[in-house]
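Each of the next two complexes has chain A plus one other chain: chain B in the first, chain C in the second.
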Partner chain A sequence: MDAILQIENLSKRFGGVEAVKAVSFDVPRGGLVGLIGPNGAGKTTFVNLVTKHDSPDTGTVMLDAKPMHNLPSFKVARAGLARTYQKNRLFFEESVAENLRTAMIWGGAAKHEGLRYPGLQGREEERTKELLDFFALTPQRDSLPSGLSHLHRRRAEVAQALALAPKLLMLDEPFAGFSRDEAFDLIEHLRACQKGGLTMLLIDHNMEVMMEVCEYLYVMHHGALLAAGTPNEVRANQDVINVYLGAET
Partner chain B sequence: MTAFVQQLIYGTSYGMNLAVAAAGLALIFGVYRVINLAHGQLIMLGGFATYVVTTQIGTHFFVGFFAAMAVMGLLGIALESTIFRILQARPATDQLLASLGVYMILGTVALRIWGDFEARPVNMPGEAWALHLGEDIRIDGARIVTIAITLALFIGLYFVVYRTHLGRTMRATAQGGETAELMGIRKRRVAALVFFIGGALGGSAGAMLGGLFNVRPDMGFQPLLMALIIIIFGGMGSLGGAIIAGLILGILYNLTVYYVGSKLGDLVPFGVLLIVLMVRPQGLFGLPGRRA
Partner chain C sequence: MIERLLPSSTARAIIGWLIVAAILVLLWALVGNNYHLRLLISAGTAMIAVIPFGLLMGHMGYMAMGQGGFVGVGAYVIGCFTVQRFELDFWAVLPVSIIITAVLAYGFSFLLFRLRGYHFSIGTLALGQLLYLAFDSWEWVTGGPHGTSGIPRPAIGEYVFGTNSRFFILVAVILFISAFSSWWLARGQVGRALSAIRQDEDLAAARGLNVLRYKQFIFVFAAVWAGVSGALYAAMQISIDPSSFTIWSSFQQVIYVIIGGTGTLLGPAIGVIFITFLDQLIADFGVWNQLILGSLIVITVLFFRGGLWGGIRMLARLALNAVGLARAAKAPRPGAAE
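Up next is the complex of A and B:
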């Protein structure tokens, strides 16, 4: 397997709580991989460790065979690892279009296309328009995040992360608060991104949606990996059934 | 009427000067969330830097002016990278007290060097440029230069903050440091740049105040106080708010001093502060979440 993201033995302890316990896994290039687990399983802490929002106690994170675990978070982002949050973290005083442009300053696209320099803003505008069109956000381009619906806000967050031109996108609870139709609206967009070559790691606790969307799943519980496999394999795994149906003990 | 217009113009020039000082403070607060009381002494040291370069060495005012901006900008970076960076994770009161400590240290150093309180003038250009409007209204050249410089500074500042990538990174960092880092923005470097620009604005305010009046070791206190009121009045962290509030306060102050008396004039800023805190605590252009 050609793995774009390789995680080895990642651990984090907060005082007496072992939030992430020696987690190792790979994400194949171009894949749409899921990380599931009940609330409190350590999924978000895990994402924070990978993006260096928090520093791991042990373990390594390699993106395209380059170490990320010893870099600060801004360098991890510049290297091509983008993420979204459970809660809206768009820049609240900037319009949707301006939020995308901000992400382009240091993103992968900027490095290749010279977007950091004045006079080349035509490309920036072109890319902004492209992303707004793709996510059907053109009518909202000048709106502030506070004026957007939940669905539009989530689309804008994903568009902002994509404006970084990442190699890998991690989406933390992207379907939270969505109806099934809204979830599948976003999924259609994500699938189109995957066809364009983007690798994605989806983190959510909604088993039903994740089973339908992801090609491969990792399951976390109590900070450790509980199971891994295709959706059918995970669905049939007794440990996973126990955790999700509460029959563990 | 003549006196009113004259005071209006003087108030505008004083207010713009204060707005420059306040803009530096607002910028630092907007991005760093710290009220840097040491800013008052950067204003004072900016005045003395201009005095040394312009009056003592004998260069043109603008050489001293830019030297003051550069030196105070570097001092701003030095303060950020030593004291404020270490204290950033600590409660706001710790940072406020630390900046007060820096204020006291810098003030004491200035008193040791220039504590004789002799009048130290800074020669501003434009003595021959006094403007006569009609028969009775005369505007000093120094006031005209001050207004021209502050206008240029505000245009430059607007350009940097709203028309460059640097400004965009500054605004992003002000709205969410963690998110900005995940967009590849190096928060530490933005913080250093903001302290540089804030310090340079303080230095420029000191240079102009030195040109309008004289430089003194205690000259930073009143502009600091006014700048604090201005950033609350204008809205914490709002640059546009700082400029408009500075103008309003400068004009109100001058008119009150002229028509009512200097003692009451000193009360104007505090009266405005009390009204703002009671009626609109987020200030003119502040967001409700960013209260004083």
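Up next is the complex of A and C:
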């Protein structure tokens, strides 16, 4: 497997709580991989460690065989690892278009070879326009985030992350607050980006949607990796059934 | 509608800076009274520190409460090198003062920017107090509690900035540079970065911004201008002692920004002017003057979230709206009978 992201033995402890326990896994290049687990499983902490919003106590994170675990978060972003947040986050005083432009300026010019998803070609204005068109946000280009619907805010956040021209996008609970139709509308956009070479790691606790969407799944529970496999394998895993159906004793 | 009534942003900037320069020249030409000149010098010296500090506190959202310490460092370096230990020229010492302040601020920034929010404020408060204790204790450099006296007024060749009228020119020129450099930073990439840090610094980092570098840069920038302000203060006062650089002097800078208005460059300047003249107005009220000042701060925070400058802008916007509406009402409606 050609792994774009390799995580080895990642751990983090907050006082007496071991939030992430020696987690290791790979994400294949161009894949759409899911990380699921019930609330409190340590998924968001894990994302924070990989993107260096928090420093791991132990472990390594390699993106394209380059170490990320010793870089500050802005360098991780510039190296091509972008993320979105569980609670929607945009620069609230800037318009949607400005939010995108800001990421383009700080992330550096689109430089990742082999990527072809929207918003990579041309100058900032052309890239912004292409991303806005792609996410059907053109009518909202001059709106502030506070004036957007939840759906549009989420789209704008994903568009802003893509404005960095990342190789790998980690989406933390991207479907939170979405209806099934809205979730699948966003998935269609993400799949189009995947065809353009983007690798994605989706983090969510919605088993139903994740099973349908992801090609491969990792399951976290109590900070540790509980299971891994294709959606069918995970669905049949007794440990996962216990955790999700509450049959654990 | 309002936009059509206003000139473009570049034209506004040029007009604005010409007005600032004109005001400074007019003040120099028209104010002859020594006492009033002294007040203007005092206010100008404070503005040199407070306008750049507005970038740190207002634009970036980091309320530093130890700026008075950096004012003291600038002042004592001048005192030490021009009279206390050496007898060097003011202009030779000023770059030394800038470098020492910058190095100190840069060094402490590594510790301080491990903190955020109130923790950062408390950290800077401790730094301000630490510097005050150094001024009070390090007699060899500062003269200790008695301070340093006999600091010479700066001179360029034979032209000594000895009188208040001449010293005002010096303060006005340096104030112009301080304000212009702050404006230049605020309008470009630095301003965009500071605003993003204030809004959500984790998000800014996740989108590729080197947050720590910008925070350190603006902290050092504000500290350097505080040091320059201190250098001028020392030269103006001729003698300095630690009582001028207590925590209260740091609080004053915060008050200037809050009263004048955060997030703008004019706000802190208006805050300095307002407090300077208010101080004169209420000077005769004895102990009550602090109560009046405190009440005004509370009123401003409660009712004018944008400070005095925010209030002025709101009134101007209302007036422009009224003018726009009046024009629209007078204009003939399309299709109306002649």
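Criterion: the second predicted complex is superposed on the first by the 235 of 249 C-alpha atoms of A that agree within 3 Å, B and C clash if a C-alpha of one lies under 4 Å from a C-alpha of the other, contacts with A are read in each partner's own complex, and residues count from 1 in each chain.
The rule is simple: contacts are C-beta pairs under 8 Å (C-beta built on N, C-alpha and C of every residue); 3 or more make two chains touch, one makes a residue touch a chain.
Keep in mind that what you see is a predicted model, and the values were worked out from it rather than measured.
> What does the overlay on chain A give for chain B and chain C, a clash or a fit?
They clash: once the shared chain is superposed, the two partners overlap in space.
> So in the superposed three-chain picture, is A:67 touching just chain B, just chain C, both, or none of them (first/second/both/neither)?
neither
> Quick check for you: in the superposed arrangement, does A:91 touch first (chain B), second (chain C), both or neither?
Both partners, chain B and chain C.
> For A:105 in the superposed arrangement: first (chain B), second (chain C), both or neither?
both
> Thinking of the overlay built on chain A, is A:164 touched by chain B (first), by chain C (second), by both, or by neither?
both
> Is A:196 touching the first partner chain B, the second partner chain C, both, or neither of them?
Neither partner.
> Could you look at A:83 and tell me whether it touches chain B, chain C, both or neither (first, second, both, neither)?
Once the two structures are laid over each other on A, A:83 reaches both partners.
> Which partner does A:51 contact after superposing on A: first (chain B), second (chain C), both, neither?
So A:51 meets both chain B and chain C here.
> Chain A residues touched by both chain B and chain C?
51, 53, 72-74, 77-78, 82-83, 85, 89-94, 102-103, 105-107, 160, 164
> Inside the complex, what are the residues of chain B that reach chain A?
Contact set of chain B toward chain A: 164-165, 168-169, 171-172, 175-176, 178-187, 287.
> Applying the document's contact rule, which stretches of chain A touch chain B when the two form their complex?
Spelled out, the residues of chain A in touch with chain B are 51, 53, 72-75, 77-78, 82-83, 85, 89-94, 98, 101-103, 105-107, 116, 118, 160, 164.
> Enumerate the contact residues on chain A facing chain C in the complex.
51, 53, 72-74, 77-78, 82-83, 85, 89-94, 102-103, 105-108, 160-161, 163-164
> Quick check on the complex: what are the chain C residues that touch chain A?
Chain C reaches chain A through residues 189, 192, 195-196, 199-200, 202-212.
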